[in-house]
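The structures considered in this document are given below.
First chain A sits with chain B, and in the next complex the same chain sits with chain C.
For the complex of A and B:
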């Protein structure tokens, strides 16, 4: 499976008379893009706004960020499987991307209506929170969208994410037939058998049990978010968006998954210091202990059948899911597969373990720091001049970590950072140290 | 250049040159000069610090006359008012290591920075590593020069009250604290570098060493259930409809208790679940799912249990760090104990 990935760098974007890319500047025909979105009669309102790195801008709330990509050659479509998009296997031919551009999905629509699981993430384009968030360094063309209010929450999610993908498709289409300034070839030719075989076990959350729906929107595999036994994907499928959609942090967004530095770094080491065997996509948040252990065992077995001598495990979620994730680490180690676990940490106050369930087999852990932003000593994030999205907190009436006391706040003001940071894929250098 | 620090050194009878076991009963004494091992320590401190006094005690005296020895050390430190206290190195010694750690604790209580050194397996480390700054040494006093160098460097740093870096950088044993900071490479690159080292059999250091979780021994069984007062506790995030107390849906800072003495069962519509970790609609439809009051009333009427405690305790048990969970649990347990509750049905989700 060979994929050429052509990058068109974007330094700036501005609204103009027609959508086109030239010399790093993306001009956008705002009316035409919005008209494409409004072809969906279930869209109630939609706007496009541009935010640039360094500006005093806050984008609130952000559900996802999508990098515009398009198939220039080869089968299928990028971000396949979502809401009727083709499910044909992707990862071959040529894909073009707008590098340095993001399409944030901004909407008041919540993931589902069970419990207090509210959309609580935002992007600042400058300041201390921006320094931690990779998407703050993108030129962001924000899709601010609301569906018809009478729809069920699941359908609202579909309408909102389809709108975002439509904007991304519209923007990427203008570079489909251009010659990219930069092309990187991704394929996994046979490598020396003396190099160790390595699998990437990428754990992604499924909200199925939490919401009692097999279709609740989240990071999907070809659009499927349900709990399923581990998938085996070629990394090229992931580069074409076969694994996309958000979870609760800015590091679990469509943009982060196609730009995942673990995946790219594994690729670049293929044939040099290791043999990259493939990606096991491991669905998490099973409900019973037996289910969790079964899936962990099966992930380990699959890695062994692929001939893995080594494995890297990442995950994207919070608590419950940790059990099957760390048991997958344990399953690999028990099969003799040397495994590294890349994870964030909980508080170690009082000398407590910072891993929810410490297991002795997880003896090679790389930490991307505390996931709880209250431990990062950021204080309140300074006010901004302009808010894209909602000037007041819009995600339900929750008393969450962002809004103390349950009162609505001006989102342009000095506010707390989102309560979760959680650099799942190791974009940053932040970590923790034993003292 | 920073001014010369005034240091007090603590040694036992052996390292003071007073003798071995025969001199182990020596009471606490103060000499206004470096003594025994302290002379080499003074050389290691160089111009950065001067040992203004040495506090000496026999190992038996410090352990057998514990309170008197501690008081004498405390009085000496108050009088000497040094910038830093240095104890040991104690290497693998049991009593001496414990004495060194306790001297450091006394100094700490007096607001004086302190540091000691001993083998990571020594009893003093096992007992006091959370509270005391300890430089790791080998088991044997043959390692004295290296141990003194590391000890002196750290003593100067804490004596100057400079911020302390991570344990492996500064050369002390981790105290169970974890602090945020940046490493040289992004996490993704470090993960693959660590994997390649592990695959090649090269040394690597896990960034999160294994810490065994605390094991909580269960309370003894109830002697007589039919006479016991039983309380209901739930981590299912149950709140009165509308969440009037403003409970959070996760990472709770507080728990709440609600009166149930007048209630026979929990009625749908009067309660709801506020919890970020499970399908709460089940509980919204039937709150007894996480707080089975109706069933407990039946057991109460049948005489299976003595009485139901008039308060039900609730919080969302999700996304809560261990220390916070412990505080909340201890609070609930203390209130139940004070109310003479004999047993508790804790419903989790």
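For the complex of A and C:
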């Protein structure tokens, strides 16, 4: 499977008379793009707004950030499977991308009605929070969209993400037939048998058990987010968006998954320091002990059948999902596969372990720090001049407190950072110290 | 402690751990229908009460589906 990935760098975007890319500037025919979104009769309102790095802008709230990509050659469509998009296997031919551009998905629609799970991630384009998240460095063309209010929440999720993909499709389409200034070839030719075979086990949260949603939000595999036994994907499929979707942390949005530095680094080392064998996508949040253990065992078995001598394990969630994840590490190690685990830590306050269940086999761990931002002592994030999206905080813990007190939270003001900071894939280079 | 993820409870050192059904419904199983769900829930609770009176020397698992007088399969 060979994929050429052509990059068209974007250093600025502006609205104009027609959509086109030239010399790093993306001109956008706003009316035409909005008309394409409005072809969906379930869209109530939609607007496009541009945010540039360094501006005093806050994008609130952000459900996803999509990097515009398009198939220039080869089968299938990018971000396949979502809401009727082709499920044909992707990863072959040539894909063009708008590098440095993001399409944030901005809407008041919450993930589900089951409670306890709110969309309250946001992007600041400048300031201390901007310095901590990679999407602040993108030129962001925001899709601010609301579905018809009478729809059920699952349908609303569908409408909102479909609208975002439509915007991304419209923008990427203008570079489909152009010659990219930069092309990188991704394929896994046979490599020296003396190099260690390495598999990447990418654990992705499934919202099914707690939200009853099997396909409307969260990182989907060809659009499916339901609990399923581990998938085996070629990394090229992931580069074409076969693993994508809205999610509750900036570090697991569609943009983050197609630009995942763990995936890209394993790929670039193929044939040099290792043999990259493929990606086992391991759905998490199984809800019985046996299911958790079964899936962990099967992930290890798959890795062994692929001939892995090494494995890298990441995950994108927290809480009880740690069990199947760390048991997958254990399963690999017991099969003789040296396994490195990349994870954030829980608070070790009160003498609790900083991992839910330490297992002795997990003996090579790279920490990405505490994900609970209150422990990072970031302080409040300063006010901004302009908010794209919603000026009042409409969901989450703080809104419960403040609206009950008769007070609205202005999202333009000084506010707390999002409560999660979980750099699952190592985008940043924050230092750490022991004390 | 009644827990669907009983292995974790045992690891943390809980002395008496009763195997629950699922994280979503630890003490029952609505897919069984009302009558069997009730019976299954009762079995879990009786197992838990029985565990309270059992002498244990360390973290011990009690499985309701293995205990008399009635066995109800969770799935």
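Annotations for the structure displayed:
The working rule: the second predicted complex is superposed on the first by the 416 of 435 C-alpha atoms of A that agree within 3 Å, B and C clash if a C-alpha of one lies under 4 Å from a C-alpha of the other, contacts with A are read in each partner's own complex, and residues count from 1 in each chain.
Just so it is clear, a contact is a pair of C-beta atoms (placed from the backbone, for glycine too) under 8 Å apart; a residue touches a chain by one contact, two chains touch by 3 or more.
Bear in mind that the values here come from a model prediction, so they are computed numbers and not experimental data.
Once the two complexes are overlaid on the shared chain, A:292 sits against chain C while remaining clear of chain B. In the superposition on chain A, A:323 makes contact with chain C only, not with chain B. Of the two partner chains, chain B is the only one that A:375 touches; chain C does not reach it.
When both complexes are overlaid on chain A, the residue A:73 reaches neither chain B nor chain C.
One of chain B and chain C touches more residues of chain A, and that partner is B. By the touch criterion defined above, A:261 reaches chain B but does not reach chain C.
With both structures placed on the common chain, the touch criterion links A:17 to neither chain B nor chain C.
In the superposition on chain A, A:350 contacts chain B only, with no contact to chain C.
Of the two partner chains, both chain B and chain C are touched by A:209. Comparing which residues of chain A touch chain B with which touch chain C, the overlap comprises 209-210, 320, 357. Across the complex, chain C meets chain A through its residues 4-8, 11, 19, 21-24. The touching residues of chain A, when paired with chain B in their complex, are 114-118, 196, 198, 209-212, 260-262, 265-266, 269, 273-274, 309-312, 318-320, 338-340, 342-343, 345-355, 357-360, 362-370, 372, 375-377, 398-401, 405-406, 419, 423, 425-435. Against chain C, in their complex, chain A makes its touches with residues 209-210, 287-289, 292-293, 320, 323, 356-357.
Those residues of chain B that touch chain A in the complex are listed here as 130, 164-169, 174-192, 194-196, 198-199, 204, 206-214, 237, 243, 246-251, 273-281, 316, 318-319, 321-324, 326.
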